[in-house]
Each structure stands twice: as structure tokens, then as C-alpha cells.
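My questions will all concern the structure given below.
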Amino acid sequence: MAAPGFWPRIMIKVGIVGGTGYTGVELLRLLVGHPRVELVAITSRQEAGRGVAELFPNLRGHLDLAFSEPDVERLAGCDLVFFATPHGVAQATVPALLARGVKVIDLSADFRIRSVPLWERWYGQTHGCPELVAEAVYGLPEFNRERIRGARLIACPGCYPTSVLLGFLPLLEQGLADITDLIANSASGVSGAGRQASIPNLLTEASDNFKAYGVAGHRHLPEIEQGLADIAGASVALTFVPHLLPIIRGIHSTLYATLTDPEVDLQALYEQRYRDEPFVDVLPAGQYPETRTVRGANWVRIAVQQPQGRGKAVVMVVEDNLVKGASGQAVQNLNILFDLPETLGLDAPALLP
Amino acid sequence: MAAPGFWPRIMIKVGIVGGTGYTGVELLRLLVGHPRVELVAITSRQEAGRGVAELFPNLRGHLDLAFSEPDVERLAGCDLVFFATPHGVAQATVPALLARGVKVIDLSADFRIRSVPLWERWYGQTHGCPELVAEAVYGLPEFNRERIRGARLIACPGCYPTSVLLGFLPLLEQGLADITDLIANSASGVSGAGRQASIPNLLTEASDNFKAYGVAGHRHLPEIEQGLADIAGASVALTFVPHLLPIIRGIHSTLYATLTDPEVDLQALYEQRYRDEPFVDVLPAGQYPETRTVRGANWVRIAVQQPQGRGKAVVMVVEDNLVKGASGQAVQNLNILFDLPETLGLDAPALLP
Amino acid sequence: MAAPGFWPRIMIKVGIVGGTGYTGVELLRLLVGHPRVELVAITSRQEAGRGVAELFPNLRGHLDLAFSEPDVERLAGCDLVFFATPHGVAQATVPALLARGVKVIDLSADFRIRSVPLWERWYGQTHGCPELVAEAVYGLPEFNRERIRGARLIACPGCYPTSVLLGFLPLLEQGLADITDLIANSASGVSGAGRQASIPNLLTEASDNFKAYGVAGHRHLPEIEQGLADIAGASVALTFVPHLLPIIRGIHSTLYATLTDPEVDLQALYEQRYRDEPFVDVLPAGQYPETRTVRGANWVRIAVQQPQGRGKAVVMVVEDNLVKGASGQAVQNLNILFDLPETLGLDAPALLP
Amino acid sequence: MAAPGFWPRIMIKVGIVGGTGYTGVELLRLLVGHPRVELVAITSRQEAGRGVAELFPNLRGHLDLAFSEPDVERLAGCDLVFFATPHGVAQATVPALLARGVKVIDLSADFRIRSVPLWERWYGQTHGCPELVAEAVYGLPEFNRERIRGARLIACPGCYPTSVLLGFLPLLEQGLADITDLIANSASGVSGAGRQASIPNLLTEASDNFKAYGVAGHRHLPEIEQGLADIAGASVALTFVPHLLPIIRGIHSTLYATLTDPEVDLQALYEQRYRDEPFVDVLPAGQYPETRTVRGANWVRIAVQQPQGRGKAVVMVVEDNLVKGASGQAVQNLNILFDLPETLGLDAPALLP
């Protein structure tokens, strides 16, 4: 029998589809240090044949792997495949991989929304694989840990949804908020827009600037409302306004809810709910979270306040959108899926300053 | 009779008390280009004798003036004195200047709140000049233009209050919002914290970062609630959460209000209300304001939206906190006070990119 | 007779070809405040019909003009046309405009280099208008003011060249430097790369970062060496290494030269040479220039130092690459060309902080 | 006999004196993940009693340690003590620790310069412990690895010196550069100035800006010249101009040297010299280093170029000033000192984007 903290060194063979974006390179950064993962393939149609470290020089000396053509046969040799692709891509390949016994963690939006018509309305296309939508498990460990353990297909939550869901969760589980009038005022670093050429995301346009966007309707709205409804056990109405921060990484969500019981001890409620969570940190009363305190780390830090005792809860949540909001959460799901310590490969502190 | 756009070149003698902070240098930047202003004194106890352009090298070649000791006799020779001082300072000197016939525009918080006990509670000190509080006119031209014209003492609005008041004004004037539950989620650039040494505002601490602060209670809360109540004609309840943006200048306020009439045409309402305002720009439907579009300019840009038609108004407001949020608004007040064109010296476009 | 500072208000009709880039919008920002300029046309094939202020919201309320198709007939009605186009474009249209009596200030590189073969080697294309190259005047007022006055076609200097030439000029005019071994270590804000979609200039890639580029050979090298040779009266050898700064605007050049006479009073030399220049500011001994002190302004600020008295001159030069490095210098040339006060429309101080 | 990669788990007891600055928190970040280090004490007179994670929230959940009073008795229980203090502090305590058999790695400048009078001139104070200066080993592993192994007292190199020395080293070892005329044009992120309140390092002053400083003479000049002379075996003359970058972390040095043999294959020279170095990465020809590719990592990345084949070598070097320029190099020294794999605890890739 292995000693505590020691387990048989069977390596998990991992493939990544679509490794040229920011969630792709972030998966690589985390996985090269993961003691139980062996990277066997990373695909990119566009960059096939090019060394990964040529595109991402931070990986020079850490990873000797080249991009390859997406090829189901090769990926079928993996134990697990991550999809770090734009929406619409995973749908086409996931069925073949599942059929070959490969587990899938999809970082895109393809399998997050259970209502196929709703998905099709917000993403403006026909769903390519509706038959698997019901099976997919929404990979938010703090809410779905047990279902994740047994899953074949995990839909990794979006960046904004992770922060909003974890922020409202303790209130909604206890029925302490008016769920007909929730507000999420969120702000994200520019990496949330991905690694693609665009004028609005140039340094010259996005730095020294701040703006809202997608106010009329953002694709994360139905995903968040579905998750909030799952938690509350009833449908909810959310006003969600995302903003663009002139920083590389980081999401800050400021949440507003009318309390049904203004006497509740919010600090105790949050501390108790998250006491055993390895990646959710409830700050001491009076401290507020800063995005930089989770830069590069899988932590979510949360503070809750009832300003002036007026019956309105204000919850502040920070995460690194590329880590807990994407690739770190994906690795956390991997750890759960393969019965590893949940923090394995995810235990480095944030980079501060 | 003077031709249109031509008026007698009588110069207004202006003094500035406390010119070493950011609102001070911003006053200077605006006033050196103002065709009707003659700068006669700028005081600083600490920097007395030092050339202004030595401290602020952007003024080299534009201004040949040295800081002097604050001296009532010298200031009494001015037509107008600006106070760009921390709160608590103007109170001591204003009475003497008014007595000498000098007009005063106070950029600090000393005369903004009409309830002296409320002021004393939030600012933690005894008010040094309560007898003038009632006379002071709150210098928000879009609401108070006529009263400003005849004033001796103008309390220039705070940076956050300007953005929140102008954003809610059309709704509240028309009784279209539930004033028991207003929310202002605001974010400010670091210059709002002034020009003083502090660890949290170092580039190493404040850049690549975002956080809320003052959630439990910020000094601008009572000022905003007073202004909102003046507009609405009834007391209001506001939840106000300020955040710190990693930019130098700029405030973005995202305002939330429950509509009493969800059928109202918000776009028309806002456009109509601000049609004749020289510094308030209501954006076309579907465009959202960016802080950089007002960088260095006295404009406020506003957009309004009712997301998903759910009965909640979302108003977005941007301003440059040092211009329309402080020194530019002060110059606008000067122009009104001396019956000049309101845009005089304030007509340069924002610096973009 | 007009009073001092008053001159007949004949307006100069100005057109801009290629107004959608950063030098285009910067020309607009400067010209809307220029009292003697009437903007009659701004062209863009791609944006024809669209309001200028729609693309550049900082101009809302300042400019009511739409982009139009480039059309020689329309441009021929102007007194002056600016080309704010990529290289290779002006060559095709300039002859027709000159033939119609229109003056041209070209902000691109088309007419900067007198040797057509050299131009063709560095720009990798055949020159479309070699017959006008010899006539074009290099628009660096501090060196060429008299020739500018009578010019029909002005080649506005590049951003890096302006800073390097003005930095070395006093030394080279006096034969005080070893011209076989000059070094220019320059750094530019990202706006120097123009307003076009590209991955390396995304905020996510270019912010919180610094790198050299073009070390093997940058297109500004032959332009700078030609200018230095003109000043020195002999050919020079320059090592030029540009770097990319994570800022929007600003160039800082640090220049190194071996002194032929280490006893020379560098401070006096520079102060004397630039005493009468309206836009060159030699800082007092011991102060160093910062890019932010010229943000948005047409100033060049210079400091010179002989570290440890070891016979090596270090010259530091800052400019705003979009102003003195492009559009501001173009307006300065316009003022000279039309015999206006050289600072007209260029007299606003830099935006600081 | 232990298997490869496996060694007895005896923990090294480590103390840190002066843990409230940026090199202190960076040591903590690296050491909490170091498998052979046990942190037993971290001192701060000012913060004694306060939890470390309260000051540095990125360490919440990683480190349960409070600052304690600096106390020789307690520190004497350590195997190794790091000094992360301002200069002048280590001098007072080091002798007592060495006498108790404790090894010392000093990150300050106290023991870097072998000439005590030279040190005293540049640091403006009397050296408190001149008798240990000769014994101290300059902790640059790439040059001094063998001497580090047996040392009791290691003077960890300065941030600028590390980048300049490693950049010039291959050239100087081979006698390929004119050592009477070397130039180092360096630029550092603001964290190099430490974690202390100061107006010039506020975000409002240092962001969106670039400037040179210390041009007349910077304290790192004598340290670099001493190191270069050690490498070259003869005295050298360096012109060193540091600049301040608007980024948090990162140093970029651009080095210029006149080649004594312009035919030398610089690329091969550098690749060969650093082939076996675990933390020096020579980039392929034509690629240039970016500071972000070493953000948070102990790597130095170098490129070398001979522009236009004119006999001048240009070397570009990047490092993270807090890692390879301070705390990471200190841990690398620890690993050498205790005969551990040199990369232990230092093997995480840089955080990019």
C-alpha cells in the first residue's frame, strides 16, 4: 500500500486539440509541471510541424513537442483530450473520441448549455452533436464534484460564469437572495478575447482604457442563468454587464443581490460554505480581493459585504480567467477524474507583484 | 457692439491655492490656454519659491510662474480663487476671500454637503466654516446652471458624483426609476487618489490589477445621495461600489435602476435631456462609452440600455476624473460665473489614441 | 494694419489622404483646433461614407465630416494635402496634385530618401515617382526651415529619425563627435506600428513587455544616416536599435557618441543651438526627459550628459511619435509654408499626468 | 543508493531577514514550492507579529508564518539565512551568523564589491564589516560555480549586473571586444525600485512613460565593471545608462561592443558557451528576447547580432529582475551550496501571456 501522499506513477496520456490560443498555452504551462501527465499530442491545423516553444518562447527548455495535424487516430491513444478550441469545433470530434474510450474535457462552450435550442440561439449555429449534451457534466467542482468523478465528457465552465456562480452560490443555496433581481457587474482582462489579431484589442486601443461591452446580451448570460438556477432550484433573472479591463489576465465580478434576510451573517455563511474547498479563499471581513493575488494561480478569492446595513449584499470575486476561469479548472477536473489529489500541479502561488 | 465670437479682452485674474496635486496641474494645463484668464498666483507652502514647470515639466515653455506662500493679501487681488486642496483647508481661508469680494471655486469636498453634521461624520472633523455651507452652490452646470451664475462660492462636484448624477439625472427627473434601489458600480483611474506617495498606488501594486475599495462606505456616497435626492425631489437609497482601474485618468460608472415604466424610450429620453448641453454626449444606440474617448477633455459620454428588455436600465457614463470630474468642470463654472462662452478654453478634443 | 497676434482670417483649405490611421486621427485632432485651417476632405477607400467621428469618438462634437473616396478632382480644390498613407501610396497621386498647384506634405516615407536605388532596396518596391524625389524638401524645421518655406512637396521626417537627428545635431554641426561610430538606442510606443490588426501588438502580447526589433536593419536607418550626413557634411556610420515600449505614444532615444573634445561644455552647446527653436527644449543640467512630458504635444525635450567624464556623450531625446514624430511636425511645416506663426494650433501643453 | 532524481529528504532550515520587500516576497513564492526547504523564520522589525499572507495575499493558503523580530538566536538555528534587506543591514548581522555556522546569501549590495573604499564611495557610508568582504563569493553561477560550492557567504549579484555580465561574458572571455569602450543600455521594470512609497513610482507617474535615470553614475556601475574585469582579466570601461520601464518585472539590456574580429561567428560563440547552463537560453539567430518570456522564471534569454556586418556586436539580454536578478538566483545559489540539482524549485515556466 502506498504511503500517504504517494501513489503509483502511472502517467496519464494527454492530448490537446487547438493549442495555439491562450487557453492552450496555459494548459501547456500547467501540464509541463504536472507530475502525472504525459503530453503526447498537441494539434493545430495552421501550425502543424512548428515547435510549440517557437510560438510560446516561455516554454523553451520545458517542452520539446511540435504541433501536429488534428488526427483522431493519434488522439485515440490518449487517456484524456482537452479541447481548447473556438465553439463549434469540439462537437465534430468528441463522439469519435468517446467511442474509443477517451475522456474529454472541453474548454469551449459546446456542451455547457443543456437546452440545445438555447445554445443554437446564442451561438448562431446548429449544434453538431446534440445527443451528447445531456451526458456532459458541467465541470464546476465546487458544485458538481461527485458527478465529475464519473464523467466521460466534461464541459469546463466559462470564465465569467465561474466567478459569478461561485460568488452567488452560498446565498442561493440558502435561499437568501431575491433571485428575480440579481446583478453581475464583471470585468475581464484582454486575454479573455483570445489570441487573435483585432484592432480593438491592440495595446493602443485597449490600454489606458475601460469600457462595457455586450450589454444587450453576452453569450455567458444563458450559461450563468442555467448554473444559478441549478443552484437555486428555481429559475433566476440576472442582469449581466461585462467590461474590458486594460490588464492581461484577471476577472473581477462585483455581484449585487437583495437579501431576503438582512440579519444573516454573510461572512460566516461564505467561510463555512467554502471551508473545505482547495481553491476558494474567503477573505477576512473588511478585505477585498485583487485580481493580481490570483495571477497565474487556480484560486478564487471572495469577499462579501452588506454596505451601510441596507439589505443589499455585495459580493466581490476574483479569478485568473486563464486558470480557474479555463485551463486551471480543466486540470482540476482532470485531477478529480483520475482520482488524484485535486491540487496536483496547481499548487504554485500567484505571481505577485 | 462686439461681433459674434468676439468680446472685450478684459482678463480675469485667477489664483490657485494648493497647486501641487493633480487637480492643480490640470487647472494650470487648462488655464494656460484660456484666452480670458491671467494666472497671478499659485500657492504651495511646501514648494514656495520653486518654479511650477520644475515640478510639472509639461508646462515648460508655457508658464513662467513660481509657487508662493498662501497669502490672503495676494489672493485678495484676484477676481477668482480656485482651491485645489485636501478637504479641511478651504474652510479656513474662504471667508476672508469672500469678504474681499473674491469669488471662490472650491474643488475639495468642504462645501459640497449641505448637512454639516453629515459632513462632519463622513470627514471625521469639525467643519471650520459652517455658516457658508448653505450659501455654497453645488457646481454641476447641467443641474444648477442658473444658480451658478450668481454665486460667490461654488462647491465643485466630486469626480464620482459627477458621473453618477449625470447618468441618473434623466431617469430621476422623470420619475422613471425605483429610487429606493439604485446601484452605482464605478471605477476610477489612479489619479483619483491624488499625487502623494503611497504603496498601494505604486505602479508595481496598482498596474495589471483591479479591485473594489471603500465598499462599506465611501465619502462620495452622501454627496451622491444628496444630489440624487435634489434631482428626484425625494430621498433615495444608493448602493455605491468604487473600484480602482489600472489607468491614469478616467472614470466609468455603470448604473443600474429598476424602471417604473419598462416601455419608456430610454434613448430618446437621454438624447432629449442633453441635447443642448455643451459637454454631455449621448452616444447612438448600441455604442458604449470608453474612458479614452474623454482623456484630457471636459466631455461626459453616456449610453443607456435595457438589456433583454427586462425592465432594468443600465446606464454607462465616462468622464476624465481630472477634467469634467474636477478641474475642467471648475473652468466650466468659471466661464458661467463670468458670463463667457461655456466651452471657452475647454474645446480641445480628447487625446486618442 | 492688424494688431499684433491678429492676421487676416483667410482659411487654408486642407485635405487628408488616408485618414483612418493614427497619424490621420492625430492630424484631425490638431487641425480641428487650428484657427486658420478648414478641413475640406478626408479620404479613405475602405471607410468612404462613414462619419469620421464614428471611427474616432474623441472627435464627436468637434468634426462633422465623413470619409470620402480618394478623388484628385476634389483634392485639387485644396491649398494643401497631407498624405497619411502607408509608403507607396503618395507616389501615385502627388504629381497630379502638384500639377494643379496644390502643396503636399507627405507623412509617409515616399520622398524622404534622395537616393532612389537606396529607397527601392529598403522598401522592396520600384519607386513610382522618382522624378520628384530631388525636389522634395525634408521637413525638419530645425535644420531645413528656409528650404521648407518655398517648397511644393515636403517629406515629413520619420518618428525615430526626428529624435535621433535633433539629438545629434549640435554635436555634428560642430564636428564634436566621432561620426564613424554613432549609436542610437531608441524605444517607441506601440502607436508607431499603426492602427492595424496584428497579434504582436495586442495588449496581451505587448503590454508588461519590452523587446528590441529590427536589429539587423530597420527602414529608418538609411533615412537617419542621410540626415546625419547632411548635418555633418560627411558620411556617418550609425548603429540603430529600435525597441518596443508598452506605452501608446512616445519615443525615447538614447544616443551615444565619442567626443572628439571631452572638454566641450555640452550643456551650453545644446542650450545655445536650440535657444530660438519653438519646439526644442533643452532641460537644465541633471534633469532627464520623460516621454510623458510631451504626450500629445509637439515638443522635443533633450538632455545631454558626459557620464563619469569619460569622453562619451550620452544624449537623451523624447518626443511624441504621433506629434513631433509625425502629425504635429506636419502642422509645423504647414505653418512655415503658409507664413503663419510656427506654433499656431500647436500650443497646448502635454497631457500630464 | 538513491535512484536518479531521488535524494534523501533532509530539509534545509532557512531564514529570511527583511521579508517585506519585493525580493522577500519573491523568495517566499519560490521557497514554498521548494521540496527541500523548510522556512523557519522571516523577520521584519516593522511588521513583527503580522501574518506574512496578510501582507502578501498571494501566499494565503500556501504559508502559515508570521513576521518575527530579527533575532540572531533564532536565526542561528537555520542552515541558511537570506538577507533581503537594503544595503548596510546585512553587514551588522552576518559575522554573528557565520560564527554560529550559518551560511549566508546576501541579496543586498553589502559584499559585492571587493574594494572597500570603492564601496564606501558609491554607497556613501562606512562599511560595517570590511573583514568579510574578501571572503564573500560573488554568486554568479555561470562564472563562479565552483567557488560558490564551498562558500560561507555569498554576495548575490545585482539585477542589472547579472544581465550585463552574462551578455558580455562570451565576448570578453574570448578577447573579442574592445574593452575600453563597452556600452550597456539597460531598462528595468519598476519593481527594481523596491516596495516603498514614492511619488515617482506611482502608477500615475511611471505608467505610460519611459525615461533614463542615474546617467551620471549608478551604483551598479562599479559592480558591473568589477565583474567585467574579472571575466576579461583586465580593467574595462563601461558606459551604463539605466532606464525605467512601465512594467512590473523585467530587465532588458542592450549591449554594444566593437568587435576585435568582425569575422567571428557570434551565434556559435554564444550557443557554445551557454550550452550546459540550466538557466541561460541563447535564442536562434534572428529571434530577439522579450522580457515577458521570463516573467516569474529564472531564465536569462540572450540574442546576439552584428547589424549590417559593420563590426559592432549588439547583445540583447532579458531576465526577471526579481528572479534571475535577485531571489531566483539566490535559490540557485542555495541549490549549488547544498549540492542539490541546480533547477530544484526553479523549474516553472514563465507566465505568458
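Order of writing sets the labels: A, B, C and D. Residues in every chain begin at 1.
We adopt the following convention: contacts are C-beta pairs under 8 Å (C-beta built on N, C-alpha and C of every residue); 3 or more make two chains touch, one makes a residue touch a chain.
Since this is a predicted model, take the numbers as computed values, not measurements.
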Can you tell me the least number of steps between chain B and chain D, where a step is a move to a chain it touches? 1
Sharing over half of the contact pairs with C-D by residue number is what counts; pick that pair out of B-D, B-C or A-B. A-B
Look at both sides of the chain A and chain D contact and report whether the same residue positions are involved, with over half shared, or different ones. same
Distance between the CA centroids of chain A and chain D (whole Å) is 36
How far is the middle of chain A from the middle of chain C, if each middle is the mean of its Cα atoms, in Å? 46
When centres are defined as mean Cα positions, the distance from chain A to chain B in whole Å is 40
Quick check: what residues of chain B touch more than one other chain, meaning two or more? 22, 191, 195, 204-205, 207-208, 246, 248, 289-290, 292, 295, 353
Hey, which residues of chain D end up touching chain A in the complex? 22, 25, 29, 32-33, 56-62, 191, 195, 207-208, 248-249, 281, 283, 287, 289-290, 292-297, 299, 301, 322, 347-353
Of all residues in chain C, those that touch chain A in their complex: 22, 189-191, 193, 195-199, 201-208, 246, 248
Please output the residues of chain B touching chain A within their complex, sorted ascending. 181, 183, 185, 187, 204-205, 207-213, 215-217, 221, 237, 239-241, 243, 245-248, 250, 252, 254, 256, 258, 286, 288-292, 295, 303, 305, 307-308, 310, 312, 314, 316, 318, 353
